[in-house]
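What follows is a set of structures to go through.
One chain, chain A, links the two complexes that follow: it is found with chain B in the first and with chain C in the second.
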Partner chain A sequence: MAFSTRNKLAAIIAVAAMAGGLAAVTGGGSPAGAAPATSTVICDNGTVAPDGAIEYNLEARDGYIQEPDGNTVYAWSYTSVGQPLFQFPGPTMCIDEGATVRVVLTNPDHVDNLSGGIPAATTSILFPGQVGVTATGGVAGLLTQEVDSAVPGDSVTYEFVASAPGTYIYQSGTDQAVQVQMGMFGGLIIYPAVGRGFAYDGEPFDTTHEYLLLFHEMDPDLHTEVELASRNGLVGDAVLSNYHPLDRKSRYWTINGRSFPDVIAPNNAPTLPTQPYGGLVRVNADDPTDGFDQLPSLVRYGNAGLENHPFHPHGNTLRLIAQDGRPFPDEIEAYTKTVAAGQTFDLLASWEDVEAWQGNGAPTPINVPALDNLVFKGGASFYSGDPNLGQKQDLPATVTSYSVCGEYYFPWHSHALQEIVNYNEGFGGMLTLWRVDPPMEEVSPGVWQPTAACN
Partner chain B sequence: MQPEPKPGIGRRDFLRRGAIATVVTGAGLAAGRSLMTPAGAAGGAGLPSAALFPPSNAVDFPTIASIRLMTTDGHISFPGRRHSSKPVYAFGFRAVDDSRLVADGGELNANPGDLMEKYRGHVMHSAPTLIAMEGVEFAIVVTNLGFRFRPDLDDSHTLHWHGFRNATAVFDGVPELSAAVPPGRDLPYFFDPKLPGAPGQPKGSAGGYMYHCHFEDVEHVQMGMSGIAFIEPRDMWFFPDGTPRAVRNKVAYNPTPAGIDTSFDREFALLANEIDYRPHDNLETLQLFTWSDYAPQYRTFNGRAYPDTVVPQITPAEQSASYQELLQMPAVPTTPDEEAEAEMLWQQNSSLVQAREGDRVLIRLSNLGYEIHSVEVVGVNDMRVVANDASLLVGKDGTNDLTYLSRRMEIGPGEARDAIFTAPAYVEARAEIDTLASRMGKQRKFCRYLIKSRNTHRLNNNGQIYPDGPSYAGAKGTYGGMVTELWVYPTLADAPGLGQDGLPDQITVNETFPTLVVPAGQV
Partner chain C sequence: MAADGGLQLMTMSFTTRTDGPMNTKRQKTRRPRLTALVAAALFASIAVTTANVSSAAAATDKWLCAKGGTASIANPADGGLTNVSVSFTGFVEVPSAADCATAVPRLGDPTPVRLTEGVTYNIHVVNQAGFAINLVGVGLSGAPDLIGIAPGASGAYEVTPVVPGTYMYESDLDPRHSLLGLHGVIVVDPAAGPTSAHGTAVSTYDTEQIIVITEVDVDLNNAVDPFAVDSLAYDPDLFLINGQTNTTNVQVPPLVVDPGERVLLRYINASPANNTMTVVGLRQELVAFDGEIQEGSAVGVGETPLDVSNVFLSAGQTADAMVTVFGSPGQKIPIYNRNLLTSAVGDNGAQLMFLQVNTGGLTAHSKIYFSLNNAVRNMGGVVIRDEDVARWDGTNVTMFFQGSAHGLIDNGANLADIDGVDVDRITGDVWFSLRQDFPRPGGALDPSNPHAAEWVGVAGDVLQENDVFRYDASTGLMSIWLDGSAIGLNDLSNIHDINGLDVDPVTGVTNFTTNGNISPFHNVPLFTGSTTTFGAMNEDVIRWTPDVAAAPSGAGSLSVVADLSDLGLAGENIDAVALTPTDVMFSTTNEYPNPPATPDFDRDDLVACLGHQPPAAGSVTDTCFGPLSVQFDADTLNAGGIAGQVDAYAIG
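Entry: the complex of A and B
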């Protein structure tokens, strides 16, 4: 996999140009705060312990998440100790290759369904794909050491050395049919030693365009059973008395804990206080004639759900470079990839302006009908009104336009199409958008920036 | 205004025999197939600067290679849900029967209003197979004819070419992100399948794709608006130096330094899908459906459930002859086979695979259902999967052969695989008389093999096997649903006595022999 200093330079320029605007790439662990409107991965870099280990203090927490159809769903997840609000899914751990990682898990007392820990007897964390994970404290469970809620202040410490760069998930290792369904999972990224601008050794990407898409699905009836039982003061096994995983029938499908259209709300959207992670994917188009070598966006798929999901990116065929945190010997192209439960993939996404329509307003070889003769579904559209990238025209007077600067939008979605609904409402669920912005512009010799109108 | 056809670009024969639609036509090759001028010369310069579509709906047809797909509703047939009892309500795409310009006596650029009377209510499922050529720009004009059986619905439609590289938003067919076609209107979609080496496209565009409507997608796709699309590789029609070939070079992909052999003798396309008749019934009876309840009763290849899958291809002529009689069909059932053929009038795409022993058979499998399927050719152990999602399985620089041998193709919704296998043995001891050939006065025997889903709990027709009585053409086994058959014939040298009416050369994808004509008077 070729690497050129020219690519690296381009990445650095791109970072410099976007600095400030998309600084959340290296933001802190707390989803609270006034982060800029972006959807790039929010890294929780942990804290550095006195012995040099990267340390995360997580607690099992419960709370509520919102669905776009107006429903709220009771859920469990992992949240950083000290964070006032429960978050879903758990924080995204970003680690550099070679670091020693130490994760301390506690399960505070279950106070009510808005604060405190989860009403489960025990809980734990598994780190699939990590080698040599040690677990100390707590009680012995089937798969790992577990936190015992009957022991006040009980904790388990998990430790491993981040040896293989890639995309991973972490998840509960306890009563997984319940706890993973309830939301006990999160993303884990290990960057290669060569630097955070690379997915694997020598695979550079545009660091301002790095995305993590965690898939999951839920049967709200099961969540309601747990919610009702815990409200009635039941804990431990009793809370599951009416929970029947065999009856599971998924109704909500999520990316980063949100269903479309919430998925494309920015990171830390105030309207989604317990679902901090956005899923809008962006890329700057590459103009093959402009002399600027646009690096691809890096997209990390992780399926934390219990079912397999065939994920279809519109707009271009993507390049698969790794599976389950292990690079492929050569890249494979795909326009749909079924992501099995628990599986991760790393993909490079780029969009080439092959028609050279952008910017110059060159006509398409066919005539698009007058827009008044067409239908814009729901009276609103992401369409710019112009076939050319970076061009904008008025839509009919009754149609609301979401276009900022003539950018393109494509849907990326599960192609099991009953999964892109919110219960029974279409254009929802496991769906996000890919926003293709016009190519970078050379503002002065050798300095390239995104089109100002598109920021 | 009606633009003049561009010189050298004919529009005849867009609809090839067997309801296979092509977007590439013209004059000239020995194979009965012809080429447009190479990319670059076809579009752009020299086009008349026609006005935007006027509200009068007069169609300003593109002057590049074009095909017209109409959208409408109708009824389709499955075992237990026959036209004579309770057919399944469906939406779909269909092509015009005569893809010539109106000036030449065809319907390519006819006004939508003139097409409604003839075509509205006569759906096709699965949709016509589209075949384009790498390096040749083309347009697909979508005309919304409205619904005949739910005239109160004003659903718009779109066309999404699933998997097209470097797509343009306005032609990607997602109604929330572009525009949709209301009843009575047209929208042309422009496509430019780039040649290998185009920016960002080292492998070019050749391969197996699919297309479907994206308007209210979970509903319209399940209702039947799905089909297969191909882009033929440049190497099929041109030598590497750019000289046109006199004979079609049967290869699925362009050559690479890795030397992967994608040559084939016969090619077949299978679109995996499922039918949950509840939303179909609900739509027909003005009820809603909760889509997360999706749980299909039929699994299909090319829009049919076994044993219907082995009914031969239905031709446009057969369909054209029966518009007025659709609802009475089948009027004069004679034999179970003929009845089954009449039932498939609006599900024209056969899945019957016929080959001679030793032939290299190319199967192009794609999936527009909502379930993951595992498809196998029973008796074939070494099937080579050569492509994934219209991308030859070769590494980044073209030197690593990433193809693999497998006994099955596992395929998720929206995915595509191309696989090549050698047709297994013709064994005289278990050969059967080809009754289809007998009806055409020909003598031939074959050995029967199954191509089917391995998810055998799904291989039934709403819980039954042949609810309508005897199976088609002696179809075997206790299966329904996502099953079809491979009929292996002897080589001419091995069986001169039985093979004199041997399989003809295959001209189009899925072309099976014999193509039966539904007897006159039956429909």
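Entry: the complex of A and C
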């Protein structure tokens, strides 16, 4: 079935309108249950300076993050000035193509390990992939200007023009082997001039389904060395006296600063107060017969870690559209993609609801598979009891199903399988799921919404 | 390239005659190889005689020596104040087998074995390593040499590279060989010459930086018997670029580059780890992996390569990545391994080096374009006439623009002599001015000139000495870039002859010098309809700034951008000028008298005012950093004498 451009545009507008609604709820610290759990990207749009530049005031901060095994890990990151809690990773900067971006970095006094600056002699930000970044203030470092912790109130201002849309990271440019490992990184998205419903010119996506997956890995022993040195009153370079890079052995592998299963908790989950960004990828299935042109979900990979991670979804292939913020001339069907340290990729994820289509909406009754095949772990399953998308059937009483409305779940993970554990306990680590929801429903003529039961 | 004109994907082959037909599996999926690749190798250690090689077509001999050495590597643990001593075994290229005795290998040596596409080589290997080794082009086609060359013996491998690019070679008889340092770089230059990586426009470069990425397990390398060490115990502790760590006190030497230059980064990942090379502030155009051309997403030859920030290199992989330099003088542009391998805090990851933006003067790889004054000279076998533009690449003189091939042919009393030139090294466009008026090819004075068609866009029958002409290499057509008489330069005498030239193709800004002094009493009619007075000496550099960018023959304004009489010149008559972002470089018609001895500025020389500053407010004096300095002496190329002095320079 062919759709006219007009139909597609109408669909985009309808989706975009909903995106606004969701953003208003999730961005403002929503009351529990007021909105569907979401992990679509949380944009920090900065503030508009008098000269029109988009401004971010960031400070280097330290604090603690939580691991699913109950451990807490001391970490460093970037946090917006004035934000009470440290956050990990740093805020996701969302910028429109052509804007002048100004980022002011400070490192407040290191008070304790919860609310102060980082106990490093200097720190900085690099914007890999951006061209023509200027850095003023601070002291000259090896790679860029750095904030000098010995100078109270010292700051460095980084400025560049967001010249090319795409997915980028930002990160420390100071003693990177240490500071990036400690967590000094964040995501940076530049939307094309055609609008925020597009990844690049000519690449529209479903704006309610935009995901940024930032990869990172940590050796908690090294973090503990830094924490102890700091608590023992050491400052500056001396904090790293027992930090031995050759001894680095990663134990936690994270997506957006969380390890599985925390990864699939929604944005701003109250149980993860310093790790606000979720990583559950959701896709609305497309019913090719229903007249609604479902746009794909956009998934942005960014590897802020020091190691290369081979990452792939189960269940379907993806369409790779860009690397390091540059679109390919033609999209490439992609499955496992090794995301090297520092690299970014943009991929489109979609699901065609072939079964329901061929079955004319009449699901085929299927016996519930054997219990062995249902249990995900610990008596819990993501299976709905029915293989047809959007359908549920009863499961044995001993099985807890996480299925809300007959949606599908598939793993999406690093296939360096030692990385999908939490300190050797699996499943965990650099693993998320993707959730395929049934196709949108037409609630009134021309108005399409997700299936109510799935919210 | 293949004889069929298509992209020859087969790269290169190290072949041995002991293995019969080569690589049939790969032939099924790739296009046929060149027949020249049927080849032989010989090993002194096995029963193959040299006669087998001599039956092949005449081959060029190359000599490699494999032997042990000791490297002193700056210790990252103390910022490089002390060294770590590392034993290694490496390859070193030598002029002949006899030179092996005194040759000194370098750990992680970036010096390439330089081959040319389509040429057949015998690569002789003298094995002084103390154990059997072989030679293999990593990831390249060809039958393996499983026997190798016995210690103390020598052997040879024949190779005819058919795809230009960057390659690695190593000894792979034992997995520890490469870890011990037995690897090296092969660069295959296109048959057309080493100005591009692959003979394509997108791989054209101004200079190259070879970056060999390695790591060292000191315990393995320094073991009494490295082959007794369990490979599973491999645990690297030094991380190197070109055999060096980056520490506070010792760094890999930066490559000095000029803004706008295209620098080809040839990465060779000789490490057993997968590494990701990033450049801060510059995008890297992914030109090739393992010699195979990459286009946007491998769609078609000739497409613009994808520009990335990170080049991911699997172990053993090579990549050609192009960066275009952008930055202010002195700015250091880091290139480093984003996997941040390091053995000590504080050094940002040891595999780090810099490009550094030139702070003044020529770089080690600057190319010099020049034209002679009223002379013909044989320069290293290339005959250069005064109507030609020659190119000096630091090693050879080549013809860049042959005047007679464009109608500038001496005839009778009419002397064709270019006395001002600038070039666009990428497009091949040439801007030039003539020393004397010359009949326009195809005009009334020279109707039968064979190159008349190039000049149909130029009005009049005379090419005037006070005009600037542009040769468009893409169309092959000439045009008037700047009409001197329209800006007040008359053609009544040679006083107003433009004799030095530096243009900006984008803005149309045209800097020039004149043969004589333009009297301040001379009224210069400008396009505005009024007249104004403008004066300049022949030691001055004059700038014409058009009102409309790239429309130099429209309205505009004149100014003096450099007054070199302030720097001691008096009547020497600047007859060539080349401007850089920081410098004014020039050559003179007459000998520069002061000081007479050191440095003695000759009329052939390219002299520089480095860090030129025009007069500051309240001053009338131009200044430089330090005294004037000779950047280039054309006498070394057999310029010589009054006739033959260089009267036009450009830098690219």
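Note that the second predicted complex is superposed on the first by the 402 of 455 C-alpha atoms of A that agree within 3 Å, B and C clash if a C-alpha of one lies under 4 Å from a C-alpha of the other, contacts with A are read in each partner's own complex, and residues count from 1 in each chain.
Definition applied: a contact is a pair of C-beta atoms (placed from the backbone, for glycine too) under 8 Å apart; a residue touches a chain by one contact, two chains touch by 3 or more.
Remember, it's a predicted structure, so these values are computed and weren't measured experimentally.
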A:R326 contacts which: chain B (first), chain C (second), both, neither? second
Name the contact category of A:N308: first (chain B only), second (chain C only), both, or neither. both
Using the superposition on chain A described above, determine whether A:V180 touches chain B (first), chain C (second), both, or neither. second
I'd like to know which partner A:R251 touches here: chain B for first, chain C for second, both or neither. first
Residues of chain A touched by chain B versus by chain C: which partner has the larger set? B
With the two complexes superposed on chain A, say which partner A:V161 touches: chain B (first), chain C (second), both, or neither. neither
Chain B versus chain C as contact partner of A:T338, first or second or both or neither: both
One more residue to check, A:L142. First (chain B), second (chain C), both or neither? second
For A:V235, select first, second, both or neither according to whether it touches chain B, chain C, the two together, or no partner. neither
For chain A, which residues lie in the overlap of the chain B contacts and the chain C contacts? 308, 329-330, 332, 338
Enumerate the contact residues on chain C facing chain A in the complex. 237, 274, 276, 278, 280-283, 296-297, 299, 303, 306-310, 312, 326, 334, 338-349, 352
What part of chain A is in contact with chain B in the complex they form? 1, 249-251, 286, 288, 308, 310, 312, 314-317, 329-338, 350-355, 357, 364-378, 380-384, 386-387, 389, 408-411, 414-421, 423-424, 426-427, 433, 436
How about chain B: which of its residues touch chain A in the complex? 43-44, 47, 50-55, 60, 62, 64, 137, 139, 156, 160, 162-163, 165-172, 174-182, 185-188, 190, 192, 194, 198-201, 203, 215-219, 221-222, 288-294, 368, 370-372, 388-391, 393, 395-396, 400, 402, 412-416
Considering the complex alone, what residue numbers of chain A touch chain C? 126, 128-133, 142-144, 173-178, 180-181, 237, 240, 243, 245-246, 306-308, 323-326, 328-330, 332, 338, 340-343
